[in-house]
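There are two complexes below, and they share chain A, which is joined by chain B in the first and by chain C in the second.
What follows is the complex of A and B.
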């Protein structure tokens, strides 16, 4: 194979530099075997422009730091090999999240806020007993929880979401998946009403207009579309039958 | 703007968060500082498992904290503190169960007969059905590594960070602690630099915890995340009074992939993977007939390098490597239990491990050394300073850490250190010293700002150039096999790099989140860590655990059954080394029972 020279067109802007103007800057890099965007961007920073901002931590697709738009599509940069890419590659920061600089965005603040809104923790009604044996659980059940626990909070789903761009309070499929994760966990005892209070709204499942780009672009192949459908079904069923805790009428759904 | 809190925890990986949870549950105010959002911490990358003697599996029958203790002490090559190891093995089962309580989906025991990849059959007991399962790991007598499918670290980090959210603990992410505030007696907090804005800000605290993880990235090839540059150890060393323990004890992992150095888990070997050479010959049984691929990490790594040196490695544009073969384990098992490994191979190498071999070589992986603390987590040298996890040396791992013990250590250390802090702060009357602290903090901030100013004023040396020089020296001369000549050269060359670092200058502007400035501020400290490693290794004329001297191939208990302590006197070129005895309460030094027999004859008597 002939050696290629790749042209990277990279979004540049430093919001803390008063003279910085948002622009695209071109860098040319000779492709090497098994090159990824991590290798390429590191070379650009170390050999061409030490001010270039981007975020990598694990460089092995487990930490969720490095999502960006690669030729228009949200992807984890560390896991993007250059070989299948065309000669010209445009890199933009993820939309929706606040820009830190160049390709770096603040996903942490958004996900923390989401975690608080959906109360992303096990709602226990007993205290931990240090001396006691663990509560039993079937391995199948553990696997089922783990399947939904695999989100790495990279932000690809929200960045790809048409609804999120229009409605900043939308919980996104990451938020919906988080709720679904706790619904399958037998250790979680939050009342069903509390769940529906959070997601039975325009910011929750009813905000989704069904474009499902989240499901197309999730780098972990999480079952975002099916969990969304599941939550809607649960919500609809709950609205139709008397609630177990209030026998007087259906669960109020706003 | 000065921020004041009871407890400042620097680093929000598993150790930092577990410490924070412990002190917050005692009603203390705590702030977590983190380079990245906590869920992006390097703890997330721990794939394999967490050692805790639950004894739920057929192959764990008869396991107990006692057996775990023995494995840990032997693994450490008798370099660990046995009082710490004892406390650790006792608390590890509690830590695993507590994590389950917080929502970790640990894989569970499935009763009935199961065929293992090596052809053996085991019968899991009906009465254990649904309890927390464990898998095999290198260097252990029993199956003891609890795991959550293929993402133990991820599941733990998410569960702990969920608790942090629940307790309302403040997290200040994209903040880097660049100096400790202290008066030579007591630590009053830290000066942090905001990695979004570049702003420098003091945090005053009654207790400060260093939980910043390892220093792997000072080496040229490391499995560590890119944020693991040893910053917490470096700022402790910079105080001139806090010693780092056993910095020469650096672990290499047998299976980093080539290229990229991404770790593929110990679980590959635990679940039956083989190591093959260029002739696709399985060579480990030739060296280690009993343990084969499952001897402890230091032994396997050395055997691999030894085999490569015989010319039996596979040549590649990235240097010679060996093969990891998991094909015979089967597609189903690989997809279910080794999925992250399969994903790494497919996505980063373009290899399908179900049908193809994985290129691997030993790669820097873990730092047994760190901020020296006592067995309760209090740092030597400064009151009010604590350390936990990989950044600390309390000293659980001695000269070699067992796989799965680091994840367990983070949680247990968090419990212990958090409890210590709560007790210490109960007695401490701090308001009287607040004014002292504030003026010290102001001065520390001024010094950091002056450093930034000097870097912006234009020096002749470039950051990435010097960083690469340092990491190449370490890789070439302070790696798996060491000898006096090369170590002396390493010390000399690193000293030269250290001098050149005084003339560092930025090529780009230092405004906002400048990555060049961030590294320029860290680099002198990283070089000092490199010198602690190289100089400590040069002085230690024996081989123990991961520290292997070709010119001193035996463990020498008569002279070296002791821990290295390195402090950095202000303005000095080299660390000042001193030594302290290892705490031996139960198990006298002996043979490790696997790997090379390497104890210097006649030395057992001295300490036996």
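What follows is the complex of A and C.
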């Protein structure tokens, strides 16, 4: 097969530079066997323009730092091969997140904030006893937690979500998944109302309109659609029960 | 142009300002800023009504969520109710394929026992309820619509496009259904010959889009509802509804052709 020359149209802008104007810049790169966008971008930075900003750490779909819009769709650049792509590829930074420069966005701040909003830590209403033996957890339970803990926080789901583009406060399915992760954790004792207060809102599951692009574009194939459905069922059922009384204290989740 | 739009969308108000900072999140939770608690802060006194963060969870805080949850159920049940009505409606019209006598007989039966009136009242109730709860989901502000359209064109994702159809067809149906209901209700009783004459004379080009829009709206709506409540996986839901759509559209157009012919022979 003939070698292709790929044309990359890459978003360039430095928001910290007052004279910088957002624009698309073209780079031509000869395709090599098994080339990924990571390889191509590195070639561009090393051989053509050292000022090009983009993020990489692991190069193997583990760290979640390289997500960007490839021809309009969110993908991890490090695991996107150039081979199935057309000759012209447009690379844009992920929408929704704060732009750091060129293709680099700050997903960390949003995810940290999301973690705070959903209180992404184990809630117990018992005092910690340092001397007590650790409680055991079945292998299935541990695996169920792990399955929902595989999120690499790349931001593809939020960038793929139509609702998130309209409402910056939307928790996104990453946030919903995080709550779902604590609901399967037997160590977590947050009361049903706590779950309700955080995601039983228009920024949570009841704001979701079910486009489910999050599920289709998650590079880790997390069960986003099924967990969203689970939370929706659970919260809707809870909404049909009479409201809990204030005097009895926390209602255990299960 | 597109670049500027994108830039504006990704750019917060000031370059160094941290978007969605903790402050905003805590406003969402109706709370004042508090440090993230560590397990060491747990105390036995937090047992009663508060979480380790020292926060009380008043039951009242759950109220808006309860209403939203019920609205969410109401959306699906009203959509489902309307779909059931449309199936019965299809049943009535299907009878014309057997002959005018069948449709006239069935319509007469429904009218004699006031089933038509009961069905019509339910339809109105469900329609108004459905519009009420569904419109909550539709972006009405220009900025939101623009952001959504920009996103739809960029991501080019099927279930995202179908939602646009869902919203637009819903709004169109509101108008078309109102006209249709008025025309029928002011020209009772229902008779095959009258329907045929209507289709033949003026209403063919009213009914063709109506049939297409209703069928599309129901199919996509049911598939979406099944997926969003987790009743069916999306591939299964898509296939089931595609098959259903083919059958209903086939029947719908067979009925329209029959009525049109009937109108032509009068």
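Going forward, the second predicted complex is superposed on the first by the 231 of 254 C-alpha atoms of A that agree within 3 Å, B and C clash if a C-alpha of one lies under 4 Å from a C-alpha of the other, contacts with A are read in each partner's own complex, and residues count from 1 in each chain.
Definition applied: contacts are C-beta pairs under 8 Å (C-beta built on N, C-alpha and C of every residue); 3 or more make two chains touch, one makes a residue touch a chain.
Note that the structure is a prediction, hence the values are computed from the model and not measured.
Once chain A of one complex is fitted onto chain A of the other, the partner contacts of A:133 are limited to chain B, with no touch recorded for chain C.
When the shared chain is aligned, chain C comes close enough to touch A:13, but chain B does not.
Of the two partner chains, chain B is the only one that A:60 touches; chain C does not reach it. Judged by the touch definition given at the top, the superposed model places A:51 against chain B, while chain C stays out of reach. When the two structures are aligned on the shared chain, A:150 is found in touch with chain B, with no touch to chain C. After overlaying the two complexes on the shared chain, residue contacts for A:33 are found with chain B alone; chain C is out of touch.
When the shared chain is aligned, chain B and chain C each come close enough to touch A:116.
Residues 15-16, 109, 116, 119, 121-122, 124, 128 of chain A contact both chain B in one complex and chain C in the other. By the touch criterion given at the top, residues 36-37, 39-42, 44-45, 54, 94, 96-98, 100-103, 105-110, 129-133, 148-149, 151, 153-155, 158-159, 161-163, 165-166, 171, 173-174, 196-198, 225-227, 259-260, 262-263, 317, 340, 343-344, 347-350, 463-464, 506-509, 511-516 of chain B touch chain A in their complex.
If you check the complex, the residues on chain A that touch chain B are 14-17, 33-34, 36, 45-47, 49-53, 55-65, 79, 81, 83, 100-101, 104, 106-109, 111-112, 115-116, 119-122, 124, 128, 130, 132-139, 141-143, 145-146, 149-150, 152-153, 185, 187-188. Those residues of chain C whose C-beta lies close enough to touch chain A in the complex are 3-4, 6-7, 9-12, 15-16, 18-22, 24-26, 28-29, 36-37, 39-40, 42-44, 46-49, 51-53, 57-73, 137, 139, 144, 147-148, 150-157, 159-160, 163, 224, 227-230, 233-234. The touching residues of chain A, counted against chain C in their complex, run 11, 13, 15-16, 22-24, 69, 72-74, 92-99, 105, 109-110, 113-114, 116-117, 119, 121-128, 160, 162, 165-169, 190-191, 193-194, 196-198, 200-203, 206, 208-213, 215-217, 225-226, 228-230, 232-233, 235-236, 238-240, 243-246, 249-250.
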